[in-house]
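Following are the structures in question.
In what follows, chain A forms one complex with chain B and a second complex with chain C.
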Partner chain A sequence: MDFTSFAKPSNVDGNNENNSTDLHFWKHVEYIENHGKDQDDYEYCMTEFLRMSGIYWGVTALDIMNQLDRLDRTSIIDFIRRCQCPVTGGFAPCEGHDPHILYTLSAIQILCIYDALNEIDCEAVVRYVSGLQQFDGSFFGDKWGEVDTRFSFCAVAILTLLGRMEGTINVDRAIKFVMSCCNQTDGGFGSKPGAESHAGLIYCCVGFLSLTQSLHLLDVDKLGWWLCERQLTSGGLNGRPEKLPDVCYSWWVLSSLTIMGRLHWISAEKLKQFILTCQDSETGGFADRTGNMPDIFHTLFGIGALSILGFEGLKAINPTLCMPQYVIDRLGIKPQILSKP
Partner chain B sequence: MHGRLKVRTTEEERERKKKEQTLKVKAYRAAMAKIQEKRRLQQLDDEMLVLTSQILLRNPDVSTLWNIRRECVEQKSLNIDDVDQRQAIYDTELNFSEQCLLVNPKSYNGWHHRCWTLEHSPTANWEREVMLCSKYLKMDERNFHTWDYRRYVVEKARTSKQNELDFCTEKIKANFSNYSSWHHRSLLLPQLYPYEGDAQPKRAMNEEKLKEELEMVLTAAFTDPNDSSAWFYQRWLLGYSRQELDVCAFRCDNNRAVLSFTNPIILTEEDVVITDSKGNIKKKITNWKSINGAKSDTTWFCSLNGDKVLEHINDQYLLELHITDINVKQITLKTYKQSVYFFKPPNQSFTFTENVLNELQTQLESCESLLEYEPDSKWTLLTSALLMRAIGSQKYHDKSLKYLGKLEKVDILRENYYRDMASKWILEKYLLDWTSSEDFPGKLDLRNEEHLNAIFYPQYLCIADIVLVSEKLNHYSDKKQLQGFIAFKL
Partner chain C sequence: MDLVAENENEVLCEKIINDIQAVFLKDPDLSTFEIIPTILNRNKTPVVHAEHHLGLESWCVKHVYDHAHKAIIGYRRQHQSRYLQHSDVLLKYLNVALLINTDVATFWNIRRQMVQTNHLKINCEFKFSALILSKKPKSSEAFAYRRWLYSFQSHDAIDWPSEFGICDRCADRSANNYHAWTHRQWVLQNAPDLIRSELMITEKFMRKHISDYSSYHYRQTLIERAYELCYYESNELEHLHNLKDLISYYLEDDLEILSTADVLQILLPGVDRAAVGEPRLSSFLYCCNLAAHDIRLCDDQKNMYGERESFENHRRSSLRFIVENCVRLLLGELPGLYLTPRTYGQLQEFNAALKKFDYATNAFLSALKRSEGLLGDSHRKWCTIFLGFNYA
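Moving on, here comes the complex of A and B:
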């Protein structure tokens, strides 16, 4: 594909008052490409505990922008191989740290994008993930016993990407546990039974149900209403009532609404405008809110949300797995998605 | 990564900061290298605790360091039999995690380390933990980590549910805008005041308490009508939820059977039987297929290939169901032409007792008078419409739709939500009226429903011979449920 076709991605609405509503496409590419080039950078160094996820955020965002070849595939795959724990089969965020299901998912996602699952011991990953399931169906994040619906999502996402959902974990119990975290008041989900609904965890649980083909368990209209109420007058979305808007919630809320066939319940145009105001026009990258420091995490979720909203010049993204749709198609995976009423 | 303002700095300042950061990076790397070397040598000692604490106090997200601390605790307590001495090792961790949480009260790792420590320590003082939560909630009453932790330690400390409810009431009275407290409350009430009547869908709590809660929440909502927390709670109290799983429509002739449910379900093989009035099995329908080819669906179809299921069409036939999640086990079928059918229109609202109804009526009046002063108040408009539906969806049908129409304008971000809601209510009423019309169940004509923009209940339409929709709903014509029963095939 011709790079120059991206030089001026246009905003579909056509009523831009100023340049701030343009996507600073090349700035973002540069921002992600340069992320980590200075190994001694303070921020970079202090976030090594999530390096694997950091790479996933960068790789995915660049692929969505059709610029994946700007990163060095070989060294990334080598890095991932070095992070697989020879004992447990799980992945650490970087060398010298312990394996965890969060970074195991990131590693598998990157390898799927690079079509390189054959580079690692997948059987060991399956053993690691199924070993973390508890009797009640929940999942530990690692051997230290923290339970959270995020880990339920990670587990089924990893196994789906590896094509190993069948016969590895107890799916019925896993579903039962996730549903025990559903709140009657708003139809949303928290991190554990009784926990308050939160858009990030709603994404994990809705995504989980999408991967286990169980979306019929959702009270779609109730949850959909709570989610569309996340949109504030600025156009941005928050994660809980009476909280500030944040670009990452654009992703958590938007992908959940998309999976549930209720994307039309919010104003896409206003959200698009909000996301674009969170770009850093000097350095590239997206911040959580207008005027804040950008980071790679919010950069992926800003780009990802724009892709869901059909922004021109971006590849389609899969709302359940937050990966380019063509990768999901290549793997033959079909996460469940509900149609618009 | 959250909430860091980008500030303009001078070149000089930037240089100074850069130098400072270079030193910090060096110190971090040196400490990490030392820690990893010591771990390799299994030196899980006091020095290790000091080294890890230096980093964790600044950066509690480095989860591996918490793991190392736990390894230290396990190692140190191995050879100690004295309970007090062992407890001291765990107390160090409790003090340390408290220190960390003061700096970073949203650290998943910090809270989990505390749980782990208490679970493994020889003696745990759970009451102290409850107090700690109260203290942390004073600093931030929306911190969901603290609330989650509170629910966990309250359980352990066996604090009475009534005590928790009192705590919650106090929190709400101090600040109505506290979704977290309302949420906590919504968990306690169904346990403290369970509903014991037999209305369907089941209420969350008994009606006396429900009335009290309705009063309390409206006072809260009126204090600041723009704050959403209380309104969400109010909507829950009004019994807002999808219908319970139930059979909603069935039709069968000698060629085909269609069976629909209020919500999607997974229909397995041996679930459905047609009997005559004496209970003799006429047909066991086993080969159900989701009409959308999905694993779960609201509407299921079975081809009967001219089986003589209904020999004497004027006989009485019954439908027997053996589906775990459905209470209804036997349904009397009615006859229409050469077929038998069953139909139960959707019902989204509760039927309340007199006592609650009076309260709802009073609330509606209060909302209406508030609307006189603030005609565009979104939450008051929405709540009024919902109250009308709760009191009498038939009686207030037109007025509640008028309010939704207004909401489309005052809350433009969610205009499509209100449009969909209106479509839902219109179809509900239509289906109810349809059952007593002469067209029933042969013809379903939606062409005159001007504001029907979406079809929310396709599963109800599948028993009609013909379904007619207006042009703007043409895109539904490929929906299988709208095909018409007579022609229906997969």
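Moving on, here comes the complex of A and C:
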């Protein structure tokens, strides 16, 4: 295949610095492809506890860039199979670690991208997820009992991807719990009832409502106001009042606004510029902010946000599930999205 | 690395880990841990211990972590479900691994299993997690672990003020510390009798950390909580200076608001006070006075430091508290002594009622609406969306 049509020339003539509108496409592909190749790397060892999510970030970013074949499908699927806990059915981030709903979602997302759900015991996953729901509708992240709206999102995302939302969990109670985490002062959501509104958790809650077809419960005007206030003069978005901009919030705020049909409420051009300044033009990859060290997490969310903004040469991404849209279409899933007023 | 060098490296790591463990055993009151930036191995122990402070020189961190990490995972693999029988050995690796990398849930889970099987004492674990928070005040795992540990303790036996103290230290050391303030809300849920000191501490904190919005948000939930629990301080009810000043400001009149009854007459004309009940009305006045105090605080801060998102947002939230709770009572809501958490359906219903509320029927609220409407287009739009003001 020929991708040269959107391969920008790299820094050959040395005056690329002022032209931040270029996406260093091939540098990013290389960055993701090489991520983790040096397994003695200290960073790699320090991040082992979230390996499964790391793979999901890389796989998704590469697929959005139409370069999925650069990773070895077979060894990734083998790795995932080895991480499924034979007792609980949940997935660990890496062999030797404990299962958790966060890594279970990452595993299922990767398998869906590879169209390989048949490689694992899906029934055991359904049992694991439904077993984590509590009487008040909330979800534990694992057997140790921490509750967070992130876990509510993970639960319904996993069950949706497996096509098993019906008859497995109490959806009404799950909705009730998520709505109890909505703050009346700003229309946003936090990790627990009363917790401060936070763009990442807003994405989880808005995504949750999108998957449970209950977006009518949102106060779009209030929440939209709060989300738009995240855009700073640099064009970047922060995740809470008085915080610095960060590329990952580009994804969380943009995807929430897209689900709410209000993407046009922020300045797309300024945000695009901000995201592009967070690329590392030497090593590839995106950092949280201009000039910082890149990592795989911010690389996906930078690429994902650019895809939402319609950047040329990138595949469409689904705002609710943060996966390529063609995968969601293949699975026949239709997360709810509000139309532009 | 060749085999000899690798072996030497392992022996060295093992020695450093044993040195750290020796400090743990010698000094049960360790209070802080830090990694000390050093470039070179100066051929002496990298473990520094002074006055309950523990330090580890940075040159060895990578090797030591790698070694401890491999040891823990190796034990689990080798001994399967019986690995906890090796608790004593495992513990020294777990201590070091978590001091260096606080986010590894699996390592915390092993400690949980050790607590459950009586291989670890709960008291020591409170100390250990506090030590972790001295290095990483934002560690969500350490806060979650503490909540889990408290589930084994009798509620009355828990020293809640000291848990607030941990939140203080963590919030002080790391701005907008989401996990510390969320943990603080959990403590408040358990120790509502500490509302009074919390009101003082939060104001002090907000004055010191002017852009830490997490503290402002906590203060908002604190005032909401006080109202829910029908909290008030009787001596304050005689004064209500802030609320009286706010009323005079909006009504543009040097009114002689002398008594509490006057204030109630202005804010809630026509409301059946007997039906609402004395304690609820007292709490209403007390909490509105707090909100009025905060509005003034934000205005003062803005004059001193210039505009800030935190001042603006908190001022709006305080304004909303007063308007919302006036309207609720004016609409004939009878909250009773203790408010139960409202369902989302009820909140939606109220927001719809707020949009339809005829502010012209209330002199105070319509003056407030007019006055706030003069603060610019953006603020007027906010008032429309959040308070249901119609400026058309």
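The rule is simple: the second predicted complex is superposed on the first by the 330 of 341 C-alpha atoms of A that agree within 3 Å, B and C clash if a C-alpha of one lies under 4 Å from a C-alpha of the other, contacts with A are read in each partner's own complex, and residues count from 1 in each chain.
Here is the rule we use: a contact is a pair of C-beta atoms (placed from the backbone, for glycine too) under 8 Å apart; a residue touches a chain by one contact, two chains touch by 3 or more.
In this text, all values refer to a predicted model and were calculated from it rather than measured experimentally.
Partners chain B and chain C, once the complexes are superposed on chain A, run into each other and clash. In the superposition on chain A, A:Ser180 contacts chain C only, with no contact to chain B. With both structures placed on the common chain, the touch criterion links A:Ala287 to chain B but leaves chain C unconnected.
Of the two partner chains placed around the shared chain by superposition, chain B and chain C are both touched by A:Trp225. Judged by the touch definition given at the top, the superposed model places A:Arg240 against both chain B and chain C.
More residues of chain A lie in contact with B than with the other chain of the pair chain B and chain C.
Once the two complexes are overlaid on the shared chain, A:His198 sits against chain B and chain C alike.
Residue contacts after overlaying the shared chain place A:His264 against chain B, while chain C stays out of touching range.
In the superposed model, A:Trp26 lies in contact with neither chain B nor chain C. Contacts of A:Phe79 after superposition on the shared chain: neither chain B nor chain C is touched. Contact with chain B, but none with chain C, is seen for A:Ser214 once the two complexes are overlaid on the shared chain.
The superposed model puts chain B in the path of chain C at one of 1-9, 253-261, 271-279 or 325-333, which is 325-333.
Touched by chain B in one complex and by chain C in the other are residues 42, 45-46, 49-50, 92, 96-98, 100, 142, 144-146, 184-186, 190-192, 194-198, 219, 221-222, 225, 229, 240-243 of chain A. Within the complex formed with chain C, the residues of chain A that make contact are 42, 45-46, 48-50, 92, 96-98, 100, 142, 144-146, 176, 179-180, 182, 184-186, 190-198, 217, 219, 221-222, 225, 229, 240-243.
Residues 1-6, 21-22, 24-25, 28-29, 32, 36, 59, 61-64, 66-67, 70, 108, 112, 116, 142, 144, 147-148, 151, 177, 179-180, 182-184, 186-187, 190, 204, 227-229, 232-233, 236, 240-242, 263-266, 295-297, 412-414, 416-417, 420, 423-424, 454-456 of chain B touch chain A in their complex. Within the complex, the chain A residues that touch chain B are 40, 42, 45-46, 49-50, 92, 96-98, 100, 142, 144-146, 148, 183-187, 190-192, 194-198, 213-216, 219-222, 224-226, 228-229, 231, 233, 235, 240-243, 246, 264-267, 270, 280, 287-289, 291-293, 295, 297-298, 340-341. Contacts from chain C toward chain A in the complex involve residues 62, 65-66, 69, 73, 76-77, 101, 103-106, 109, 112, 144, 147-148, 151, 176, 178, 181-182, 185, 211-214, 217-218, 220-221, 308-310, 313, 316-317, 320, 324, 341, 343-344, 347-348, 351, 382, 385-386.
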